[in-house]
Structure formats: structure tokens, C-alpha cells
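The following pair of complexes shares a single chain, subunit A, combined with subunit B in the former and subunit C in the latter.
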Partner chain A sequence: MALRRVMRRSSITVLWGLLLSLLSLGCSHTNGKEAHLTLAVNAGVEGDALRAAAQDYQATFNVEITIAEFPYANLFEKELIDLTNRTGAYDLIMLDDPWFPRFAERGLLTELTPLYERRGLEGPDDDFVAASLALCRHPYGTGTLYALPYVGNSQLFFYRKDLFEKYRLSPPETWDDVLTAARTIAEREQIYGYVMRAQQGNAVVADFLPLFWAFGAEMFDAHGHPTVNSPEGIAALRMMLALGAYAPPGYVSFNADEVAAHLLQGTAAMSINWPAWIPALSDPAKSRVIGKIAITAMPGQKEPGRAEIGNWLIAIPRGARDPETAFDFLLWATSAEQMKKSALRGNPPTRVSLFRDAELVARYPSYPVQLHSLQTSRPRPRTPLWNEIENAFGIYLTKANTGELSPEEAMNRANAAIAEILQRQQ
Partner chain B sequence: MILWRRPWRRWVRIIEYGAIGAALVITLAPVYWMVTMSLKTEIDQFARPPRWFDFQPMLGHYYETFFIRPFGHYVMTSALVALISTALALTLGTLAAYSLARFPLRWRLHRHLAYWILSTRMFPPIVTIIPLFLMLRHLQLLDTMTALILVYTGFNLPFVVWMMRGFFQELPVELEEAALVDGDSRLGMLWRVVRPLVAPGLAATAIFCLITSWNEFLFALILTQTDASITLPVGIAGRVTQYEIKWGAMSAAGVVAMLPMLIFAMLVQRHLVRGLSLGAVKA
Partner chain C sequence: MRRSTTHDRGSPERALASCSPDSPPPSLHLSGIRRERWVPLLLLAPALIVLLALTVYPLLYAVRVSFRAADDEAWTLVNYARLFTDRFFAEALWHTFVYAGTAVTVEFFLGLGLAWLLDRHIRGRSLFRALLLIPMMIPPVVVGVIWRLLYNPNFGAINGTLQQWGIDTSALVWTASPRWALLSVILVDIWQWTPFMFLILLAGLQAIPQEPYEAALIDGSSAWHTFRHVTLPLLKPAILIALLLRTMDLLRIFDQIFILTQGGPGFATEVISLYIYKTAFRFFDFGYAVTMSFALLLITNLISLAFIRLIRAEEGLA
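Entry: the complex of A and B
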């Protein structure tokens, strides 16, 4: 009896021991490589390209690379927590450009110029699109270099050229043209004239800013005080609501996904969207409008049209274990040769030469338009508080779109809310 | 035949089946939607009016999710974490529950102890996330399965203790005394006499622990960093990309995430039903 008991007891112990050793096996990193890098990337086509690049890099160089992929919605907080706590978990991080001032301001990123100098280089070459490289400096455009641009997104205007031809409309150059076209098409076809992202937060602000700028409005005056409730700002919001009358029901909750679905299903005629959707337009598994959509630069109004820029940057956290190896990879990944591969994987480049590359233009005929759009694009206001400001602004824009607030009321309240955010931080 | 002689009974039956049917439709419609989404091309996913039945099914999303992306690996991680943390929580929790049920302490300390254990479930888990993050970083356990196992065990423990304490309290203590009189040790008696009696309770508790650990998202998201420890829910959330939501991939992974719990629930169903009716017959 006693023996059996002992045996049973020991067999349970052995089982636990086995499980625990399995666990430790699963956790240990074994590598024969000299150096090791961990990259935090965005889940999606941008991160996929960097993942693929990392595999190529590992095959050629004596460096092992681990990819940490996170949903867009969580990447920012994830990186902020890890960098603020200096966990040293990541050697390179991908950043959406509006986040950059927050990281740079807090001193969480490694300066790149000394790393260039150690390699006998002055800094990034002239091939980078100036608007993209400007995002990587803090303060904007002129300050210290903390990142390099990897994916050159900027907004584009999509419209149904078959319907424009049918009703003899010329490609929209102003928002008034857009409104006229939306009305014409909505009245004569069984589809919606315009579709936009009006979901609270990032989405609605992203789709509104090009209108806002085109009407001559500015978010801040020269002293940094918010001015969203200027007459120009209110006129821009009125235009947004006028377009909303031709948008599908429920557009107030739309994000890029729903907007693209309407375009691809052929149920809406025009919209602003991002280059990520261009490949889908000609994919028979996704699109009912193959060959019917044209892409053009952002319409203007009082001012020439300017798209919002939305680049993915790559930076090295301050205090990274091995900044030299990380920088070698960064230089390699943003070189023209490697960025071309990334472009072939579906990401717009940040280099002028690639937008003009014959092979790429043959594959992506919209590249000339994209380059123009990127070069004339505008960044979202460069403030470390942008996430909070965008959120507050977005709430009131959405309330105007639902009809809960009048355009004046919405802009007044947004202005007050933004002023409060700025005040709180002083 | 008696049924037809009493027409009101027939109506009761119809209403009964109607109610069952409605409940089934409500609970199964989202599952049906998810399964069909995983088999549709994007063009069919967004078709208006929706295509409920007439679409060309294809396995492309499954192929992409499990062969091109490392979702197979996430499934393994999730399974290991869920199984080990459940086993740990059950072992530790059951022993603790037995002690609390059987060994009264002075000044009713055993009851205070039980409430103290329960109190760890009274605050929203999110408030512990930053302290946990810092502690695990200090222990160099960030981005390991061990971290997730420890955390999930900790969160499941109070539940196990309270569930099992109730079951032990309902057991007649005489059975245990008989076993001890016959010369068995305390642990031996627990294993041979008590365990079979509380098996239904163990099954119900185990399934709850498994489901919570398998589906947990928040802690996994913060405490994991690379593929070494990313679990299935975090992987699935990663299909919501900046500009596009990959509904096909999310649904395919969702279907696969659902299956193990479904199978496990079917396996322990017998015990579950017995567990639920145990108290009823005793009276």
C-alpha cells in the first residue's frame, strides 16, 4: 500500500516537473547568432513588409531578429509603456507619425545623427521625400533626427471615373465640385454620392482636416491658441455635413474599413482614403469596380488641396541594448533597394526615386499622384498632446455629424475643450 | 394520442418549441455568421443585401491565418498557458478550499481568510496591470509563458477556492472520518474518497478556469511582447489593422479558438449536469 502511495505521489511530482521543464524549454531563447534585435511592428501590411525584410536580413547577416507584432489600436500604449519603463524589450519600433512628438519630447528615442557620423555620413540622403523626413525631426522639420520614414502614406481622393464621364463631370478640384458631383450622382444613380469616416476620434478628424485646411482654417494661431471655431472652420464643417447628406446611413460610425467596403462594392461614388486600399481596387476577390475608380490629389477650396500625411517611422528607443546593430538594420531597411521590396509588398515608399521607378509605376499607376500628394501634404499639428486633442476634436465633429450639435456649437465646444487640454499641461 | 385530445397541450408544445427555436437562433446566429465569414471572399462578406447562403465557400482565410501567419503557434501558446494555469489553480485552490472548509481557526479566522481571498476579485483587474508589469519586469519574466501562467493562476485561484469550498462543505464529514479510521492518510483520503465525490464540481470549476485563461486578452496584451508568448486572443486582435479589418482572418481564427472549448465542454458535460443537480436531490 505504502509503496503504491509513494509511487503515485512521485508520479504526480514527476508530471509537474515535466510540465515545468517543458515550460522553461519553451521560454529559453537559443541562438547561434552574434547579435539579436527585437522589432515592435504594426499588425498589417506595414508590419508585414518589415517582417519580411527582417527575414531577408537574418539570411544575409549574422543577426537574429524577433518580431513583436501588435494591433494598431494597442501599439502606441504598448510602446509608450515599454519605453517609459526602459524595459529594453525593443531595439527598433515602428511609430505612426502623429505619435512621434510625444516620444521625442519625452526623450524616449535615440538621436540618429551621431550614429550617421560614426559611419562617416552626414545624415539621411536627399532621396527621402522632404515632407516625410520633416516628420522625423523634433521640433518638426528642423530639429534633432530621431527616426527614419519607412512607409509614405498620404491621403488620396478616390472617385468613380465611369460615372464622372457618364454625367460629364470633370475630376473634382474643389470641395464645391465634390458636392455637385455627389448630388448629381446620388440623384441619377442608385448609389451614395460620397462616403467618409466620421467615427469618433482619429477617423473623423483624419477625414475632416483636408476640408478644414482647404477652407483656410487652422487649428492653432501663431501663439498656439486653438482656433478651430473660426468662420473658415465652421464653413468647412458645414461642407462636411452637406456631403454627409449624400453618405450612406450610419456613416457617423464608419471607419476606413466601411468606407472602402462601399467603394469596393460600388455603392458609393467618392471618398478620401489611404493608399493601403489601392491594391484591393483591382482584386477580383474584393472589388466590383475594377478599372472604374480613379485616384486624384485632394480637392481644394479657398486654399489648394492638401492631403494629410500619415507615415510610418522607425526609431531606436533610448537606452536600447545595441543601437549600432539596430541602426545598421534601420539604414538597410530604408535603403532604396530594400524599400523597393517593401513597395512591391504594398507599402508606398518615402523615397522620390522609387515613386518614379519604372517597374513600380507600371505596377502602381497612381504613384505620380501619390508623390504629388505626399510632397504637398501637411502633418497633423506637431504637439505631444495630439492624441488627447484629436480625441476631443473628434467627439465634437461626430456630434455635429449626428445632428446633436449645430456646426457653430460643435466648433465652439471643440475649441474650448482643446484650450482646456493645453491649459492642463501648463 | 392523449396529446391530441387536449388541444391546449398542443399549444403549450408549440410555444415551447417556438421558444427553444428562438433561443437557438439567437445564440447560434453569431456563430453561423462567424463560420460563414471565415469561408467568404471579401466581396461576398460585404455584399448588400447580405449573402446568408449563396456564396462560394473557400478556405483561403484559414490558409493565410494558419500557414502564412503564426496562428498555429499562438494556439499552442494559448493551450499550454490555459492548461497549466488551470491545473495549478485547481491543485492549489482545491487544497486551500478543503482546508478552509474542514479546519476552523480561532476567532473565525478561516472565514476572514476566505473573504480575504475573495476580495482579490472585487477590484477591476486592470488596476493591477501596471504593478504586475513592473514586478514581472523585475523578475525578468516579461514576454514569457511563465508570466501569463502565474497571473492566470492568481486570478483563477479565488474562484476555485470559493467554488470548491462550497462543494466540500456539502460533503458529510463522516465519510472522511471513516476513511481516516480505516488508516488512510489525509492526502490519500482526499484523493481516493473526496475527489470522486467532488468530481462534478471540479469539472465545472476547471471549465470556467480554462475558458477565462483561454480567452483572456488584457493581461496577455500588456505582458507579452513577441511571438514567444503571444496568445490567440492577442493574435486575433492583431487582424484589426490601421486601415482595414481582416474579417476573414479574424473569423477563421475565431472558429479555431472556439473549437477546443466546445470539445472540452462536451467532454465534461455529463459531470456538469451532475454537478448542477447534486444539490437538488440531496435536500
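Entry: the complex of A and C
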């Protein structure tokens, strides 16, 4: 009896002990090096470059670096949940620039200027492309610095120069030129004149905004009210539908992969695309159009053409355990020397000097065009509600492309939906 | 289980009766009994704490969140009010019902037919049975990717085959057509989950004893009458369980649609769980996302309750 009781008591102690040790296991930390950093990166060529840089850094400095890699679709939620709850899991985070306002507005990022000042520096050097650095400030362009630009993407216009030469078409300067070329090529060749991403959400909005801006439309007026249903906006959508007539069937469900497939297989003549696809164009394993595609800046219409910017930024979460070490790494990774290595790993830089670097230009002949495109690029509207606005806008743009709604009706409904989103948050 | 606990706890009388002469005085022993009463609780405590921490607390917290707007701490009903004005919510809910209703109906009839066919002694029966189960074994995400490639209007196998047969496929864009997209994603679900219906119904069929059939045969009942008046009534419990499980599963469909269409084109295949996901993790509006989840929970519960009532009634009859 007594023995049973003792055994029972000891088994309870063991159980509790086990539970406590399990709990404490989750909190324990061991590291061999002096400092430790954890980076949240995008699974893709951008994250790969930062991972490689981190390995170089570990080899040189007494810092241990852990990489937490997430697919694009999950990175935003992981980071926002972690930073909102201040769990301190990450010391540095990669951000796609449209996410930045949400993080900055909520005060989730560490201000960088004091860290510069502690190192006797005023701030980032002039070599950074102004359009890229502007994304890192909140409010946009003028406000406090919370991040540094790492990958300098902006949209580019891809076209089949062999076909343009064959039909004596000059490189497209306006969207009217694009439409004429699409019609000419589609009528005489067995291929589609134009291909675009028209899947609702991010894809269709990204491929539509350059048209929208070129036609002189704006998403918001000076008071922040939505104006997507302006006559200019509707005209831009009509142009998109006109181009859609020369696009492959089912283009309303296309995202980047499908667009690239058509371009690389030589089944479409023109498209808007991101620099990440440039290396594939000259890869014999993927491309049937080696040497046939030219890259140019975004066509204009009423206004000069402007591409959408899409940079990857690196920021330090507010309340990071060791912001000084994190900032040292950030400065190092965004230095000209390291960014050149990143460029050689396939990421467009955010520094002017590198776009003009002889070795890089020899390897990436489109760099001068990319620099021009980046310098004249425009960001998506800087609002913390962008994801939701983009979603609503995208749904109606796709519905216009499927023929469910007329361009006027689509833009009117999009405008009403955006107004509702803004109103709800007030 | 019940017997062992009564034995462990023990009534005071029995504890006293079991006292040996050299056992401690009764007062001490009583406190021992009291302590013993706590032992099961203490043993259960770690599990209970984990359970409370992982299920009850989040549930209560979710209720709290649903009564909160954005970053405001105050209690409010705005999220619940929005359910009734949100066009996207209504449309997504409608798509969910169409999806679940169509899929469960088709899967049921196909599953029943297959089960009926393979319940008999035909050659290669076990091979057919094994082959039929394959789609169910593939992860839904993989199924989504496979069908996305099959459906691709330009490079996909379906249109490619049709073209080889000389059929003009320029208008066949499957998941890219607002009219056909929902049907296309339902087709994928039917392909994947009919085997599940088949499996449960086959088990049900095999559990039916032979005697009623023999009796029906002696009475000269036709095949249809035997099926209608013998097989169906005896299969009813299995049918109800299969329908209940599939319906609950279909109401929360997410992965295949997420991979196949992302809810598009436009909004044509957006179902409620996809809209909840976007609201929570893309727009970061957890209050409204949780509110919609509760609405879905309520609907699922009501439907399940109806099914369970039917099952109970059936058992009562039996």
C-alpha cells in the first residue's frame, strides 16, 4: 500500500519533470559563435543569393547565421505574425516592397538612421537608385528609413525582335504600337501577338498598372479617394481587352509561369515581365527563342511609359535581440562589393554603379535598359491596405477580361469595392 | 474503465474494511483517501492543461477576436454585421454550397454504382478495387498540380488529346472560363473522392447478411425491387455516414482550388475557406476571418446535426 503510494507519487513527479524539461527544451539555446542571426528569406533566386552571402559572412566574421526560408505565398504572413507578436524569431527579414507600408505603419521595424549615426555615417550612400531607396522610407520617399533595398526588380517589356524586323515594325513606344504589332504578327504568324498575366489578385494588377498609368489614370486622387473608374482608367482597360484578343486562350488564369512558357516556347510575341526571367531566355534547356527576344522599357501612351517597381528590401524587426550585429550584416550585404556577387547570382542590383559595371553589363546586356526602367519606375500605391485593395481590383479586372463585365461596369464596381475597403478602416 | 476507477477511488466503507491491524489510524487514512482522490486528477492534469491551452483557450480567444474591429480593443458587432452586407462572402458561400452539393451527389451515385458492381464475384475484382483507391491516396495538393497541368488550355493533355481527335479546342479553356471553372474543379474532387464513397458503401454492402436476399429471391422479387427494398434500407446507415463525412469535408475544401484556380477566374471558384484564408493571412483581418469561420462552423454543425439525427433515427428503428 505504502509502496504503491510512493510509486504513484514518484511517477507524478516524473511526469511533471518530463513536462517541465520538455518546456525548457524549447527555450534553450546553444551556439558556438559570439553572435547569432536568423534571417527570414524568400524561397527563390533572391533568397538564394542572401543565403550564399550569409555563408560568406559566417566564414569571415564571428557570427552564426540561420536561414529560415519560406515560399513567397507564406513569407508575408510568417513575418507579420512574428513581428506583431514580437517573438523575436528573426533578426533580419526580406520584404517585398508592397508589404513595407503595413510593417512600417504598425511600427514593426527598427529605424536605421540611429544605427548609421552610431557608425559615424549620415545614411545610405548616393549610389542606391533613388526609386529603390524611396520604397524604404515611411512615408514614401521622405519619411523615416526602415529598410535597405537588396534586389532591384522593375518590369520590362519583352518582344520578338526577329518578328519585328521581319514585318518592319519599330520597337513599341506606345500601347497603340503594341496593339498594331500584336495584330500584325498574330495575323501573319501562327503565334499569339501578346501574352499577359490576368489571374485575379497580384498578377493582373501588376500587368495592368503600366497601361493604366500610361493612359494617365490614377488609382487615388489627392484626397485618397479611389478613381479607378475615370475615363482614362476605362480606356486603359479597353486597351487591355483589345490586347487580350491576341492573347492565348485561357489567359485570364495565367500567372508568371504560363506567360514565361509562351514566351520561351516562341508561341507569343510580346509581354510584360520581370527581370528574373531574363536568364531563362538564353538557356537552351528552356528557350526556343535564344537571341530573338529584345528587352525594352515600358511603352507609354498619353504619359511616358513607367514600369511597376518590385524590389526586395531587407529590414530589422523592432525589438530584435541584437540590432547592431544585424545592421552590420545588412550594411555588408548591401555594399557594392557584395551586391555585385548577388547580381552575378542572378539578382538585379539596387546600385547605379553596378548597373554600369563593365563585367555585369557584359554578362547582362539589358542592364542599361533595366537601370532606366528602375529609375523611372513607379511603386504600387503606398497603403497598408494594399493587399486587400489589390485583391478587389484584380477580381474586377479579371472579370472584365473574361467578358463577364463591361469595362465600365468592372471599373465602377472596382471603385466601389476599393472605397468600401478604405471606409471600413476609418 | 468505469470499474477500475470505482475500485481505485474506493468508497470509505470499503477502504475501512480493507484496513489491516497495522495500518495507520483512521483519521490519517481518511486524508490518504482524500489525497488518492486527487491522484487521477493530478495524473490527468498535464493532458488537461495541454488540451485547455491548445483548444479551449484559442477558441475563447477566437470568440473575443470576432467581436473586435482591426486594432480596436472595444467590443463590437461590426464583423457579424459585415457578414450580411459582404457580397464576396455571399458569393463564396454560394460557390461552397454548389461545390459541396454537386460533388457529394455525383460522388454518391458513382460510388454506389461502383460498390454494387464490385460487390459481386467478377474477375479481377481485387485489382479493380485497388486501382479505384489510388486517387484517394494522392495528396490533394499533388492532385491540384496534376489537374492544373491536364487542364492547361494550350499545353495540357486534355486539349492535346481532343486536338488529336480533330476537335477544335480553342473555346475549351476549362478552369479559365467563368462558366466552366467551378464545374472543372468539382470534377477533380469527384475524381479524387468517389473512391471514398465507394469504399464505405462497399463495406456497407458486404455487411448485409445473405438471408434477406434469399428470402426476396424465394418471394420472386425483381432485381430492382430487391435493391430498392432490401439493399437500400440495410445500406442506409453506411450511406448516411458516407454522406456526412463527405459533406463536412467538402464544406471546408481549400487545397485543390487553391492550387487549381486560386479562386478565379475573377471570383468564379472562390469558396468560403479560400476567402477566409485570404482575409486572415493576406489582408490580416483576423476579426472578420474568425467571424466567417464561426459562420461556416454553424452551417457545418447544422448540416451534420441533421445527418446525425437521421442516423440516430435509423438506429432507433433497427
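As a working rule, the second predicted complex is superposed on the first by the 396 of 426 C-alpha atoms of A that agree within 3 Å, B and C clash if a C-alpha of one lies under 4 Å from a C-alpha of the other, contacts with A are read in each partner's own complex, and residues count from 1 in each chain.
Following the convention adopted for this analysis, a contact is a pair of C-beta atoms (placed from the backbone, for glycine too) under 8 Å apart; a residue touches a chain by one contact, two chains touch by 3 or more.
Small disclaimer: the values here were computed from a predicted structure and weren't measured.
Once the two structures are superposed, subunit B and subunit C can be ranked by residues of subunit A touched, with B on top.
By the touch criterion defined above, A:261 reaches both subunit B and subunit C. Applying the stated contact rule after C-alpha superposition, one finds that A:191 touches neither subunit B nor subunit C.
In the superposed model, A:43 makes contact with subunit B only, not with subunit C. In the superposition on chain A, A:326 contacts neither subunit B nor subunit C. When the shared chain is aligned, subunit C comes close enough to touch A:251, but subunit B does not. When both complexes are overlaid on chain A, the residue A:200 reaches subunit C alone and has no touch with subunit B.
Legend: residue contacts after superposition of the two complexes on their common chain; A:313 is shown touching neither subunit B nor subunit C. Of the two partner chains, subunit C is the only one touched by A:391; subunit B is not.
Within subunit A, the residues touching subunit B in one complex and subunit C in the other are 5, 8, 19, 261, 267.
Contacts from subunit B toward subunit A in the complex involve residues 41-43, 46-48, 80, 84, 87, 130, 133-134, 137, 142-146, 149, 185, 187-188, 191, 221-222, 225-230, 234, 237-245. Subunit A contributes residues 5, 8-9, 19, 22-24, 26-27, 29, 38, 40, 42-46, 66-74, 78, 81-82, 85, 87, 89-90, 96, 256-257, 260-261, 264-265, 267, 273-274, 276-277, 280, 284-288 to its touches with subunit B in the complex. On subunit A, the positions that touch subunit C within their shared complex are 1, 5, 8, 12, 15-16, 19, 76-77, 80, 102, 198-201, 248-253, 258, 261-262, 267, 385, 387-388, 391, 395-396, 398-399, 401-404, 424-425. Across the complex, subunit C meets subunit A through its residues 23, 32, 39, 42-43, 46, 70, 82, 152-155, 170-178, 261-268, 278, 281-285.
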